[in-house]
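First, the structure itself, so that you have it in front of you.
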């Protein structure tokens, strides 16, 4: 198995606030990992620091052997687009999407690679197969959709290109249980070969038994996974 | 309304529209109020004038003085105006966007930087070209054309047609092309845009260049009726700004509508004998202020609302 | 190019200065003429540059001939913002502080601060304001403003002189108006308003020879003249007076007008076309238009000689008002200094200027005691050599030609292209 | 080898200003008129080392103000005429800018119509004087009232429009004023300016040395008045109200602060002040012209407050000093001076966060940020205190407490072996070996937040999950992971493992 993501000694934070404490973490090809932990314990920060979106960070992040981390203290977001183009797709928490675009336009935004842009019609179709409710909303403005539909659009955007690592941040946040289940089902149904997925979730029950590995996150450190297994 | 007034109004609307749309696009996508738009206008005028000095004898030697020559000259003028405006836009990107776009209070900061650029450009133009105004070659000729029995001055016709075409191209480009989609994405959510693999830094460059080019074109077109001077940009800037405001900053349809309204207002007030030209500016600003007090977001402004709600 | 001319000017003054220094080494400090010159403000830059060129030319000539009483002349130039009182005061104070012996200024728009600052220092101040306001101010306190002189006349003569001109032209038979209507297009600043008012009064006094066709208001900046053209066509007057002051906009007017003229009308553009850029900008469209100035460079022997030297030094189209004005101003001052002896004795110099009788390139300078301003021929005197001629020009074959008044005529009035 | 110890100088006591009163005589302090504030902020305390009473000047700014203004007042009368005029212009513009700062900074209304208010009031005062013969002392009253009215008119749209929209709108209003004045027929003969205005400077003295001196003292008094007004509004009730509303409007509203009203009040008060300046301006020059509404003039003034720093009175005054000196003092430079102003404006905006007066603070912030980032990278939770961090800690015991904990942990880490874990797994409760007892004792003493606990599953009697306590009343514990333990001993051991894991990681 290939190692897709390898994080070593990652510390990150915002200004004087340190959120992540020397995290070591790795993701293998074909893996589906649940990142669990309460609000405010660094799940989103971990994902965002992979995307180079936090205030400062320090430590090594290797994506398929290529260093995308390093020490950095300003210019959040400056390298993000390059990381996205390497093949990391992040669905941010909440509705960080484009409210004034139609669903179709919004999905097209995800198609950043040349190939994806050329095939955007087919790919949109494929996303709509995954999230059938979007099909009839194709020309509706995203700002007018319901929460669940927006989440589908947001996740769908991440699926538009051939990313090999999907980081999905809190897909169930603020959604009715039934709808969040549907969103997660769609995610679990995605093919696994050659790709990996990390889902951050507060609600452990939603992921139980559906992921290959569950990693706890607590106070800026990883828990669970390493602790139990290695020592017992 | 007489036909003269109609044409005059359309002509003014075209030029104001070019300025206002540039300001509007730049505000909504990059989040800066470009006070150097007037400087872009003046600098492009001078660049085109400089090009015309070189190109005129060359074209005359090559094509003579026929229709070919005047078309070639016109194309050269428009191209040089667009080009100079785009280059100046790039300069604004380098000075007023790149170094400060990550700092706090970018909107006010960039406003100040562009003001400084405006101040400096006017003085530099004055220093290098002197106070004398300069004439650009008449790219549409001096005659008039009859359309549907209405005699229209060639420069007015040319301005209206060229602007309408260009605006159509810009609007379609923004709507259909990939770059346009990227710009829209950046307008609505810069972080979402980076997560879609769009570099905010480098998407801002084409935007500043595009709006600069629009100002450059406006300079060429307006210089068909008035002349190029270092301070020529001040009035188009103020009018463009207030029209963009009237249309609701960031809304392209709003800006176009605002330009048409203001253009016709100017033409009509100017043609009413007891009001006359001297009340034109007065009535325009009064109108804009009234509209804004009634509708604080201007005529359009939906986009800006979504922007606000995201920031909140 | 301006930079070049500025450089050559600097070089030449330096050269002149060093030359002068070697000649009368250790003699005396130069006599300083202060020139407030608009360089960064939005208006007046072109005229002020003309004036400064004229001043420099005269100083070069005088220094070349050995200076005044053995002392060389020199200038001190400061940037002035002629639109605001504080800008005007700052510039004038800077000059009086630095010990200039006289101030020679083309014009300021707000005369009071300038005159008060100069009066406070008592320094002789000659200017070409062409404003009734300046003269009224002088009349309000002749003792205080005793050393302030307006080289030319008030702008009112532009109006009355023009009516006199068209009456004369009609009588000479070179032109027959199609009707007696005069259509006035007026701008809003004081200068144009006073002229318009004077014209209307002259028309009323003409006893029915002329009548007002219509009055159209415009306001700077005029971006498009087509509504004005429409109004002109609606009135269809025999005489059209464009009472506006910005050369570039007048050039734009000629271009619009030529495309759709009022047949047979005589079009008078007042003073604006005197600025050098007019002909360049009008690019041929200016042909046949008439304009005038109460203060312009003659085309007689003296005037032509000046024009040639000026063009040799400052190539390109030459302005014909303030170039000669600046040139004459220095000569008027030099004459006074010769007479008074000590340039630091401001009152003696003032007395000498008051007694001036000097014939320059812009006409003869004698100062009326009640206003300390010039005399206009033929408006105020019948003697061509007793004042400055109110010159009327017509653009003929791409050049300004003097067509009136009588002894200074260069060419006869010709029909404009739109006249049958 | 003796270890070289680097000594850090703590605090900046050498730069403080101290008085040592004898403690017997009562201290007298005068207050700023109309406020409950004192001129200088002296704070008494006993020096913990010498046990002597000392008075420390908490805020050194008033001292600087007095020094610089006093210098200006003393030196200027001995300067030449043009320098005197430049100083007067500086005072007038500084007064305008201080009030403008009140509008932009304190009230948070981004208005560009400041000069327009000055102009309108100046015109009104001048018109009353020239056309109605109102004597000059009343011009101040008229200017003030006009300013108040103009402020009220301008304030109306400010409640509906926000930020930049309002700024651009006021730009339009300035244009309206300019165009309106210029096309007034009655002022046509003077290019829209009103001349021969009566003044506090006798007309014989006008532009003479005496007049200039009088003018300067007047302008200086105006500046003092503006500064006093700034102080009164900014640091008294209104300013305090607005400070609460600056970041959290909704919060301020929720606790009953009518910040909109307060804003309008500040706006009106400043406008009235600007009106007085307008009347003064007309008197100082004995005329007023439409150029006061010109965009260039406005931009120059804006450049002043930008260069100094928006929102602070010292910024407004400093920026005015710089720009006025360049623009009016270096007239000989010609157009280059505008370029210099533009360049300064550009540099200041590109490099500083809030003008020149903010530069010092910005540098400190930058240094602190870099320091804390570096510290954050190095320190671990519960780790030893870094030397530079130690200076910021008021309770020095904390430093030793953390050092002790760190050493303790280092000791305990050595004790943890697979045998020890095995021992615990076999018998989670009961008598343990010495090493295990030590480790468990340490665990028991740990702090309540994030302490682990065992939760019996309500649906299944013999099933346990591990939770972490929140440490806060009312906040429920949370699940650590989804493991289910079949017996209580297994759960005990899992908690032990988690803690060992935490210990080893720390």
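A, B, C and D are the chain letters, set down in written order, and residue numbers restart from 1 in every chain.
Here is the rule we go by: a residue touches a chain if its C-beta (ideal position, glycine included) is under 8 Å from a C-beta of that chain, and two chains touch if they have at least 3 such contacts.
Predicted model, so just to flag it, every value in this text is computed and none were measured.
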item: Closest chain to global C-alpha mean, per-chain Cα centroids; value: B
item: Selected pair, greater C-beta contact count between C-D and A-B; value: C-D
item: CA centroid of chain A to CA centroid of chain D, Å; value: 39
item: Chain C and chain D, separation of their C-alpha mean positions in angstrom; value: 55
item: Chain A and chain C: spacing of chain centres that average the CA atoms, whole Å; value: 76
item: Residue list for chain B, restricted to those that touch at least two other chains; value: 123, 126-127, 234, 278, 281
item: Two or more partner chains touched - positions in chain D; value: 179, 183, 335, 338
item: Each pair of chains that touches, named by its two labels; value: A-B, A-D, B-C, B-D, C-D
item: Touch list for chain D against partner chain C, complex; value: 80-82, 85-86, 89, 179, 182-183, 188-193, 195-196, 206-208, 285-292, 294, 296-297, 328, 331-335, 337-338
item: Contacting residues of chain B [partner chain A, same complex]; value: 102, 178, 181-182, 184-185, 187-201, 302-303, 306, 309-310
item: Touching residues (chain side chain D, partner chain B) in the complex; value: 110, 156-157, 160-165, 168-169, 171-173, 175-176, 179-180, 183, 295, 299, 302-303, 306, 310, 335-336, 338-339, 341-343, 345-346, 349-350, 353
item: Interface residues, chain C side, partner chain D - complex; value: 39-42, 77-79, 81, 83-87, 89-91, 93-94, 96-97, 109-110, 112-113, 116-117, 119-120, 132-133, 188-191, 193-194, 219
item: Parts of chain B lying in touch with chain D, wherever the complex brings them together; value: 33, 95, 99-100, 103-105, 107-109, 111-113, 115-120, 123-124, 126-127, 234, 238, 241-242, 245, 249, 278-279, 281-282, 285-286, 288-289, 292-293, 296
